[in-house]
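These are the structures in question, set out in turn.
The following pair of complexes shares a single chain, chain A, combined with chain B in the former and chain C in the latter.
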Partner chain A sequence: MKLEETASAAPVPASVGVTPRAGRVPITVWIAMVFVLVAVVCAVFGPQIAPYRANRQDLLLGTVPPGGDHLAGTDLLGRDVLSRTIVGARTALVGPTIVAVGAFAIATILGLLSGYLGGVIDSAVMRWVDFMFALPGPLIAIVIVGVAGGGFWTAVVVLVVLFTAPDTRIVRSAVLEQRPLPYIEAARTLGISKGRIMFLHVLPNILPIVAAYVVLDFAFALVSLAGLSFLGLGVSPGTADWGRMLFENRTILFTNPLAALLPAAAIVVTAGSINIIGDWIYQRISIR
Partner chain B sequence: MSAHGTATATPLLELRRLRIWSGWGETRRAITTGTDLMLGPGETVGIVGESGSGKSLTARAIVRLLPQGVSADGSVRYCGRELMGLAEREMHRLRGRDLSLMFQDPFTMLNPLLRCGEHIAEMLADGDARVPRDRVREETLRRLAEVGIDDPLVARRYPFQLSGGMRQRVALASALARDPKLLIADEPSTALDVTTQAEILELLRSVQRARGMGLILITHDLRVAFTTCDRVYVLYAGSLLEVGDAASLEREPLHPYTLGLLLSEPSVEQKLGELSPIPGAVPAPDQVADRCAFAPRCRWVQDVCRASRPDLVEVGPGHLSACVRLPEIRAEMTELRDSVLHRAAEVTPVEGERLAVVEGLVKRFELGRRRHVDALKGVSLKIGPRECVGLVGESGSGKTTLGRCLVGLETPTDGRIEIDNIDASDYTRASKAERARLRRTVQMIFQDPYSTLNPRHTVGRTLSEALQRAGVIGRRAIEEMMAELLHLVGLPRAYARRRPASLSGGERQRVAIARALAVQPKLLVCDEPVSALDVSVQAQILNLFRTLQQELGLSYLFITHDLAVVRQVADRIYVLLEGEIVESGPADEILSQPKHPYTRRLMESVPGAASRTG
Partner chain C sequence: MKGEGIGSYVLRRLLVAVPLILLISLGVFALVNLAPGDPARALVGSRQATPDVLASIREKFHLDEPFLVQYLIWLKAVVTGDLGRSIQGNQLVTTMIWQRLPLTVYLGLYGSLVALGIGIPFGVLAAFKQGSEVDRGIVTLGVLGVSAPAFATGIFLLYVFGVILGWFPTFGQGEGFLGRAWHLTLPAVALGVSVMGLIIKITRASMIEELQKDYVAFARARGLDRRRIVVSYVLRNALIPVVTAAGLIVVGLLTGAVLVEVTFGLPGLGSLLVSAVTQRDIPVIQGIVLILAIFVVLLHILIDVLYTLIDPRIRFGKAEA
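And now, the complex of A and B:
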């Protein structure tokens, strides 16, 4: 029995005890995080950072292109575009945060009740969701906000209600996936109460999904709110807001392109970064 | 290479130092550490190993279909031709035509959108040559007939319309469509019922013989390998520990691991006094790369075993073993084997009192308008105190439904359940106090150890929640009880801080048992509690069930498809077929002299049973 030339040619590598490293944070996520951090800092300290007051008008100056005193130029009323973009981060982040968290708080409760308890509650919740799905969402938002006389908070509330319906479906289907698993059934045979099972057993296990969708919702709400502002339905006129700036400054696109493009870029970059981070969080949580 | 037995001049397949790695660069870890294998034309070899042994990846490495992040080196020679360096295009041409692969799961292996005939026709067509449609059809039917499907209508059915066994036949027909010279079957019968399993193995054997093709059978079950293969390779934690003719290996296993596997396997013929499990669990291959892979669990281990990795050495004609201490311990091994196999347990029948009574139980599942399935059609059974009752049946027999009715997870349509003198027919209608008492009398152990625990809760949290339900108050009291529970199921106290993800399958099942025991139940309904575990671990858990029965005076309803398992634990047996009990009585009586034809068929289907009784 002459087996191989004694296996010294390629000795087994000394990989004993090597544990797989927790995945390194990819560079795209780092970049996204930096962008989001910048946006958050602007939202919190906007007025302190901005080179000018956001609403300081200089009618005599009028529209100037980027350069000189005004790094990103000024708009029709001679307001500094860079300052307005920085200050505008506040409405851009606060609104979507409320929409995403609010919609999912409601959706989590509805989805848990409807998915875990089933029966009449499930039918009621699901018919309501079907009804909401039948409505043309953006149109309804425009109509309601328009009729109610606009305003930032009206827009936020309408979006919360609109977002709740699809989110409820997501949570419910995640609950339905957990429900027949033995660990839930074991809890039932131990006689643990339904509330405890729902919130202490099911909820922690669907949190990764919820977290990922909260982030997705945030990005979507950011774009929706900006859209409403663009239509003149969100924030009140004069407020520094990315969507609103895009609307107001589209006429001076050729005199000072940055007046419209800077807020537009802010919307895209922030929404995109949030999405990238959301995906990454989801992957990390769901591995465990 | 004469040591490899019957293989002649040019082997059909030859593996030399085949190593499989996961990951790249620094984080690269060995999955198998150098496998040598030889397969002559028309020969059948088995690769036997528990989960994590690397047996499936070895099969995939041969056809070069490794999952992402897994790589292989070494030599794979097919008819003298090296496959490792072959261009992907060449390799692609070999697959299916020369080398064919068949997988375990008949439910995902076939494309659900293709009719069964199309699966085979697709393989027959083979790209270039245009064959007239009726010729293809004819050939398809002939191929189906080869795998024992005579009904031409099957070709027009979709996979979901067929049973698991039928699907596995269709899969086999399509794997054979291009007349491969070598078929690799990866656990082809594991997902099937016992009777179907026996049929598929017999089919594989007969097809292999008729075609004279080479067959590599990958299985976790030594008995299956012994009855099907000419030669058996025993793989453990990525290294070959023993190679030999099936017959000589079965007669005298010459590696402590193979012996351990054989001894830990429950026997159908007789109830053993105590099963001999292999302690511990399978290590990661790279943790044992520099020593005998089995050393951490071997009862004969000495320093020499840990000094270096032992090579396979010829110990008999065509029989290789990697045990360095074999000459010293051979006599002891034989002695151990004889003593264990002849250590029958005394059977103590219990009569009289009753803990649980089920009478005329009917469970009907509505599937929509005017369509329904009767899972249980009037089942009656009794469970006495301190008695272990086995409920045996194949999938679809309604055995799980019965268990779920007992613990209140399903509400029966008709019939009566009485547990500890409480009416338990409908948990939702029982009074609150009665329900609470029922919950503390009956508990359930589930099959799948991987989802039986809440993945987000630590073991301690899971147990303390159960203890609180049992009315234990105060942190100190709970902690004391928790330590006691963990000790009872044979786990160290420190496990309370662990999460399920860091536990092995057997350990999870122990925690699940501890959770059930927290409320001090009198009856445990165990639904296939060991069928998802490796054989060596399975024996540990079965022993635990026995110990607990003696120490705590528990009763069990032991639901299983595995006759060998039920023989080891059950005092009495009920055989369930399509929702009806067809035979019942003391375990020994039923398994030694089955009266009902169905029970007899079940017994005959157990791999190796016939050969051993003969």
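And now, the complex of A and C:
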């Protein structure tokens, strides 16, 4: 009995990710946390930190390369690239937060109902999830956001809907893992209502896994929203936003390369850091 | 169900796909009504919206009929291969798609070559050196790959190899097969890197799992050559999850292709879609989305069939679940 247990238990933790030693936070995660902190500070205090006002135009100056008064140069309208990148952290973080939290809020309800109650609700929800999986999601987002007239909020709402389907599947399978456990049976025997069991007993137990996926979703939402803005469909013209800056400044790659490279780096570094943190949380949970 | 042959399995899956495709086509058709304001105005495009023009558009697109009737008229045309005409240039949508398709297919294949060519060896290497610095490096690279959208990578490549080093052209699509390969190298790398992370992740995880199986230990104990164990036994089994994830990978490539074509100014299907979306050229959007969606649905069926062929343990009935 003992032998069997160890034999079957051994391969599980090693199969996911780099095996972290318990209690030690890897250096990459520390670095990632610092980057995220910087982005958060920029998002909150951006206008105060930025050397110039993000939308201050200087048409006479036009595009200048990095150096002098403008550390990262200026764009076509003479706006300071560094200031715009700092201020741009706000839309870069606010949008994905709404998408990740919103999608998981809906998915948690649907996943709990579908996983715990089963039956008709389950098959209806899973039909819908399967349908969404059959579609090329990101392309649908481009088309719907574009045809509906674009804009930050349209993009956010469309992404919430698209993200809800895979998230529901994750929550549902987490619920299905909880269902056969003794505490559920005990709660049932005590005559506790289904609603109470779902939201007061099952929910707290699946929250850690949900949290890990919210973080990973956030990174994906950041990249997706930036992509929509890059196509000219996300935030409205003139907004200081990383994706939008890439869209506007890719034509001046020869005169001021940083105008496009700095926001591009901001997107990659922020999304990368969040992904590293998300992966790390995910591993910590799956080891327990 | 147990004795079901591959032929009837494929047939059954195709039959299930029909209602799905119909549902998608309904959604695609409904796009006209999604545009803000009067659909007739949306279909006017850049022309002057005089009452005469509006009336002729109403007539042409049967806008006074009930929605379902409009849909059925449209569907009938689509089934016979008529996707309508572009609002902007009055060109046939099918012709436009046909002209743009080769570049996107070329870019997609080149991009997947890059993604698989880097992703699989790196995933295998990381699995072998699990826990080492090499492994950590590759895993971090994979995370960066997942986090770097194709347009951001594209801009970096364009700047370093196009502007600074001048090794690759910064615009154009090239003449002939080799010229095109040269022009499309940077776009293909940008595209490949965007899905490489996913491939590294899957290959590494399944390789690690596979290496711990008993048959590997047994083969090693028998003194079989390490390389032979890996190439002829382990890799074959470890790549099954990569095949299963092919749907995800192809959707990633499609999205990536849209972004890359816009970044590098390439006249492919993706940039056509984006310009159609920006100009609200509804018939062109409908045509492209319909074709891509059907492609993705059929691809999912193909993957499931491949999956059952590669791994005989999976019963056909279960493959859907």
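Heads up, the rule we're going with is that the second predicted complex is superposed on the first by the 259 of 288 C-alpha atoms of A that agree within 3 Å, B and C clash if a C-alpha of one lies under 4 Å from a C-alpha of the other, contacts with A are read in each partner's own complex, and residues count from 1 in each chain.
One rule holds in what follows: a contact is a pair of C-beta atoms (placed from the backbone, for glycine too) under 8 Å apart; a residue touches a chain by one contact, two chains touch by 3 or more.
On a predicted model such as this, the values are computed, not experimentally measured, just so you know.
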If you tally the residues of chain A touched by each partner, is the higher count for chain B or for chain C? C
Name the contact category of A:H201: first (chain B only), second (chain C only), both, or neither. first
Of the partners chain B and chain C, which touch A:R188 in the superposed model: first, second, both, neither? first
Between chain B (first) and chain C (second), which does A:G68 come into contact with in this model arrangement: first, second, both, or neither? neither
Applying the touch criterion given at the start, work out whether A:I267 contacts chain B, chain C, both or neither, answering first, second, both or neither. second
Chain B and chain C footprints on chain A, overlapping residues: 10, 15-18
Listed in rising order, the residues of chain C that touch chain A in the complex are 20, 23-24, 31, 34-36, 130-131, 135-136, 139-140, 143-144, 146-149, 151-153, 155-156, 158-159, 163, 170, 205, 208-209, 212, 251, 254-255, 258-259, 262-263, 273-274, 277-278, 280, 282, 285, 289, 292-293, 296-297, 300
Which stretch or stretches of chain A touch chain B in the complex? 1, 3-4, 7, 10, 12-13, 15-18, 20-21, 181-183, 185-192, 200-201, 204-205, 288
Under the touch definition given earlier, write down the residues of chain A that touch chain C in their complex. 10-11, 14-19, 28, 131, 134-140, 142-144, 146-149, 219, 223, 226-227, 230-233, 246, 250, 253-254, 257, 260-261, 264-265, 267-268, 271-272, 274-276, 279
Quick one: which bits of chain B touch chain A in the complex? Just the residue numbers, please. 1-3, 16-17, 23, 26-30, 33-34, 36, 73, 286-287, 289-290, 309, 311-314, 320, 407-409, 435-436, 439-440, 442-444, 446-448, 451-457, 465-466, 469, 501, 512, 515-516, 518-519
